[in-house]
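One structure, pasted below without further comment.
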């Protein structure tokens, strides 16, 4: 560093360290608070997958005499990690150091983690239906094993079902982080607050968005790029969006929605309907409907190019 | 853990360890079987890239007197890793321990790996055309070097060409895993069974889906969000999808398909056609066509917003 | 390896090592040149985020008496890493060893890195507006903290603002690599050369593409899958695309563009307009317009299915 | 695994899991207890070294305007890690879950960690004298920098001075672990309870042992293999060794002890003495003494070898 | 690299690649042979320690209801790793590819690994006595937990007992590697072929050497630097040492040997004897003896130093 | 942190950041200087071992047709790493930023690194003799392969021969660091400046010290704990030790020195001599001598123990 560079850098450090510069985008930490850890959450999701789908992740061999060792160890480790991360989530949402009782929060964290563990058998049961749906719905799938081991949608739906269980219990922040992890890996963005029935499948999946107040029935199939989104939303007197109002679609049983379709607002897509790709739907659709895009125009082709 | 939490967890472990709970979603391992390893597959793809594009990945300096050392070492390492992963793929697909002859499978794995190595020169040759197409097709590209080093589509197409070669040889599972790795990194989902000609390019690429039975000619360009997918497919008498039926589009030479277009079913997009963005195409298109979406509607704008 | 496999592999190595095979896809290294490092760039982006958003990334506790230590250390580390990576970027773009003066390039690298550091306070200021816009625009957001910590769009916009600052200074290659890192993590592809105003937000984001010559005003909101792209572009006499011509849209202040809309070419979307999802727009749109897709067709539903 | 191997392994697991088998060599963990972490302790020692010897460890450049950033950040990080490890040390020594008050222990940990931080300036001061002694005492040393950066004895003495400070404050277990880390790296085993004056040096060092109740004056130099040990020690009525009785030597100022000398028991080596190598000393030695081994015997040499 | 450096390096590579240069110091690998892995052996030793001393290594909490999960999982993992490493050890010792039957070697490896597992309960039993001896013999030890968790001698003896069990079963190479790992960490070098009784302890330990044919009774204690070594050994007609002849000492029950004592040759140190430090013993010693070094000489002290 | 802890820590940071506190133990960095890296040096030593002993370290299979690839790649990588570390060593020893010419130092570094590469064939040749000596001298050794792969002394001697070659070329600091790495791993401390002949072996090795001006002939064998050290050394008028004076022993051909012997000062141990263990030798010894410790005393044994 020359003297010039040095003073440039010193000046930047001074500016960046002024409270008025960082005040509105900084996060205070308090004594004994912990930040949530992406690495720990990845291990939590991996452990959940190992418990739910024995023999696929990790090198355990599944024999009736030994499966319990693995499930026991993984479940205890999952519990332990969850306690820490739930605690970190509670810390993150806590604005004031004095509003924080270390022991009480720890107890809440133990409680939430144990509740989550108790839901694992049910999570496995419903994911079994999702795997079944993915296998039956894809002629390219060779076995259920391949679906569980390789399909990004199974990974995204697993993260969703785990995140949704945590959110239902009351865990803050962590569910959102778990669904964003799947979003980053698979391009599938399912809000953990969404409600999704059994035998749910997503094909390919990149670009799928399922909003927080969506309600999806059983046996629904989405293709890549499908949005279940909100239109506009009302603001309160301060111009802030009002939270918690139902604003995403209801998709009834046995609906198929093809690639890139955008379904917006608190509308209902009736049971057994098929929504074609690339459509923009902002009104409810009756049961058994079949909706497709208006026929594209065929232009004359001009040599040399483009459109 | 309190006594309460303890018994909650014990109960969950008991349930999760019952055979009837995990039976349909577990994977048995047998003696000396190995699971495929994502880390090894990543190294396989990286070695392939180092061999194909000397000097870009890794720190080797490319001089005529030394390039062979690097290619020699990387090729031998690639061979060795492939043998293990092909073997693991064969194990994964093997349902019964008694149906498994260790030595025979190892021999098959050596054989397949050697076949793949012998295809590398041709994979380099065709990837060279893809790089050329990407460079010529992007006014923002400064050099072919930048295209090779930075463009996600080149990465995705490389994975596809590697995976396709492995699948053609007969390797199970591994090709799918290699294409899913690219899918996760780039949002581009090319089934390794697809057939794709030379000078192939994808721009931006997130959300592109190319189905298993697609056939793509030479000099085709796709933009982000393009789907070459299947519509519905026939079921067999048990309600399972019939495998292996051609169900994805044929894209002839020199076609350009713009962003978010969805092309579905075993239809043909004739040579030299241009497909505009956001269209939904389920019928064949003649050569030299130009297809665009029906003109959007212009609504009156209501103050206060949304749509 | 059997003798047969051995000779197969030897043959492949011979072929792959011939200059005529690798010539057009290899990258020469010269003495003391370094390749850019993805790991270093990831640390650069992480340090930038730590400096801009104190307390969110890393374990530092933000107290007025200590914040300067962290910003000081992180800024010095950032400077040091940037010098190396800018230098590597300059090397990458250098075709001939004799055209390379080690000391001069090092001096340029120090200079560029110091310039970047001096821009950090302004980058923080504008990112503060982006965070504000994301928080106000999403009824599911619980706090600005959650937005900064979890939202992929904030991550992608941060990478863009960092990359754009580097590109404006004159740094080659590195900005592109930084934006591709965000592209891979979030599915959001913003070219570092694009011009983007304050209070910019992207919701969900997967599949968004913003081209190199796009100009975006203040307070613009994009949803997932939106493309601001080019149509065709003129070629020079050698058939190469002419570089640097404006070819992407201008989006004026206060525009909202819904999911999967494709806006192509050097057109203008007038201020305060709303563009509905899944539309394909290739002509300019007046201010205060509201554009939506032509109403989809409602087909009769045939039992047994698909479309 | 064959059936035979399987039952062998099952049998071993059964046996190993029986309480009577593991009871006397197991460590119970209680809720929210943590085990001490070698990795964290290594970071603690490294941070201490970075703070004490600025510019040697890590990449910080030492300028008067920036040194405080590094010392600030490293000291805060050190404090944070120490709190956790001191807490873990307290947990390790706690036999009963009910005897454990989470908050109280955390407060003690904060307290001890802060006390340690306050001693760092003095630890640096005394280590400066040790570095001086090592440099002056070794004709092969080129600079004090080389001594600080490379000499294992400086590393071992640093660990000792850190461990001794922690032990003096009252921290359990952790000091012992820190001195064992140095023991493993350098072969120098200094009990953290030993008392050692200024300008202390050890040359080469492998095999040096300094017992818990040793007292060493200023300006003492030890060579490799020197033991300051205990002879026998009295047992209590249960046959257990009585703890805390002085049983190691007192070494007065300016003593030099050569390689492999063994000094045992609560004896005194008077000031300015020189102890030759390979001697066994169990009686006190007056000041200014010079003690060497009895002259070795010269045997006739028998052809065919050995001794 | 300049042209000069280049040709220097090329020349060195040529020379180093000539068979006559590397022939006598190279190791051939054959198809499907694996080299032993230090990392795997470290995991093997760590797993053994976790199984033997529950609750100390790793984060498992030891409750009667859960301990079996951990022991089950760790034992199965240990078995799996051992199979691979035993196999690698067999490969290493195999000179000719044709002398190698893949399946047969794998079966032997499974067999040896299972035998080792069956010995674990007995290894735990005897290590329990060693821990007891270390605790009783060290007035500085606060608890058996500290002994197990921190004492390098316990680590070295554990490695020895594991390595000895493997060697007794017939595993080649691997036992030696496991004892060298402890040697490097602790400075204690126990040959896995040595025979050592119960209640064995080593204090401090750096520099202890116990040769391959040593026989050590119960309740023996060694201090640092003690050698149980060989004197000379007979050569065969080719001048090579004759292997397998007893050449190290027999140490009977209840012997204590102080620091740096060197005991050489097939002699016997009778029960209940005490050997003082720094002695050189090459003749047998009767039971109940007490041997110390000849009294050192007291030299006049010459001003100006040294000896 | 409570307010109290906070101010304690602040106070310590203030003190530690004052120039007068850190001045004598800090290391200045200058622009573009790099610190030597232990990780890089470990890789340098590992590469050297891979080149010298093909097939033992790393997974390369040694066939005449492929060995050159590995040696080529490893040698180029070694060269590259050495350039950086030699450069860092030059930086470390440079006191003033203005005394530093970036390009000139880089050229020196290239030069030294190339010189080292040219010495590798000779280093291999002499290490081959050392391996031979270790194998012949140890009845427990099963094969030369085991000696190369497992024996710590071979590792230490390899580091010595590498470090000695670098030091002879003129490289500062780095040779010392390389020999300290072996010291830490093996307890064997050989100064890189020592002169050591062929067929050199060390048995067990912990605690061996060979000083900087030692001269060792051919076919010498040392056991653990042997010191070839200095007695006292003359000081200059400032009280600093005079550097570079011969002060360590000369050991002539075919000498054996048993465990824990201490040989001090510029004396000569004549050819073919045998030095018994635990002796302290400060006078020259004629050729063909046999020196052993004075016979130990046999004390009466007092019940109740100890000595």
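For reference, chains read A, B, C, D, E and F in written order, and residue numbers begin at 1 within each chain.
Please note the rule applied: a residue touches a chain if its C-beta (ideal position, glycine included) is under 8 Å from a C-beta of that chain, and two chains touch if they have at least 3 such contacts.
Just so you know, these numbers come straight off a predicted model, no measurement behind them.
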Chain at maximum distance from chain E, centres defined as averaged CA atoms: C
Most distant chain from chain D by Cα centroid: B
Rounded Å distance, chain A centre to chain D centre (Cα mean): 50
Whole-Å gap separating chain B and chain D, where each centre is the average of the chain's CA atoms: 55
Of all residues in chain A, the ones touching two or more other chains: 1-2, 31, 59-61, 63, 68, 72, 76, 110, 187, 206-207, 225, 233, 258, 260, 276, 278-279, 282, 292-295, 305-307
Chain F to chain B touching residues, read off their complex: 59-61, 66, 68-70, 72-73, 76-77, 80
Chain C partner contacts - residues on chain B that touch it in the complex: 51-56, 59-62, 64, 67-68, 71-72, 75-76, 79, 110-111, 113-115, 117-118, 120-121, 124-125, 127-128, 131, 136-140, 142-146, 148-152, 185-187, 204, 206-207, 223-225, 231-233, 258-260, 276-279, 282, 292-302, 305-307
Residue ranges of chain E touching chain F (in the complex, touch as defined): 1-2, 4-5, 8-9, 11-13, 15-17, 19, 21-22, 24-30, 35-36, 92-93, 172-173, 176-177, 180, 183-184, 187, 189, 191, 193, 206-207, 209, 211-212, 225, 227, 229-230, 233, 239-245, 247, 258, 260-262, 264, 272-274, 276, 278-282, 288-295, 305-307
Chain F - residues contacting chain C, complex: 1, 6, 10, 31-32, 61, 63, 65, 102-103, 106, 110
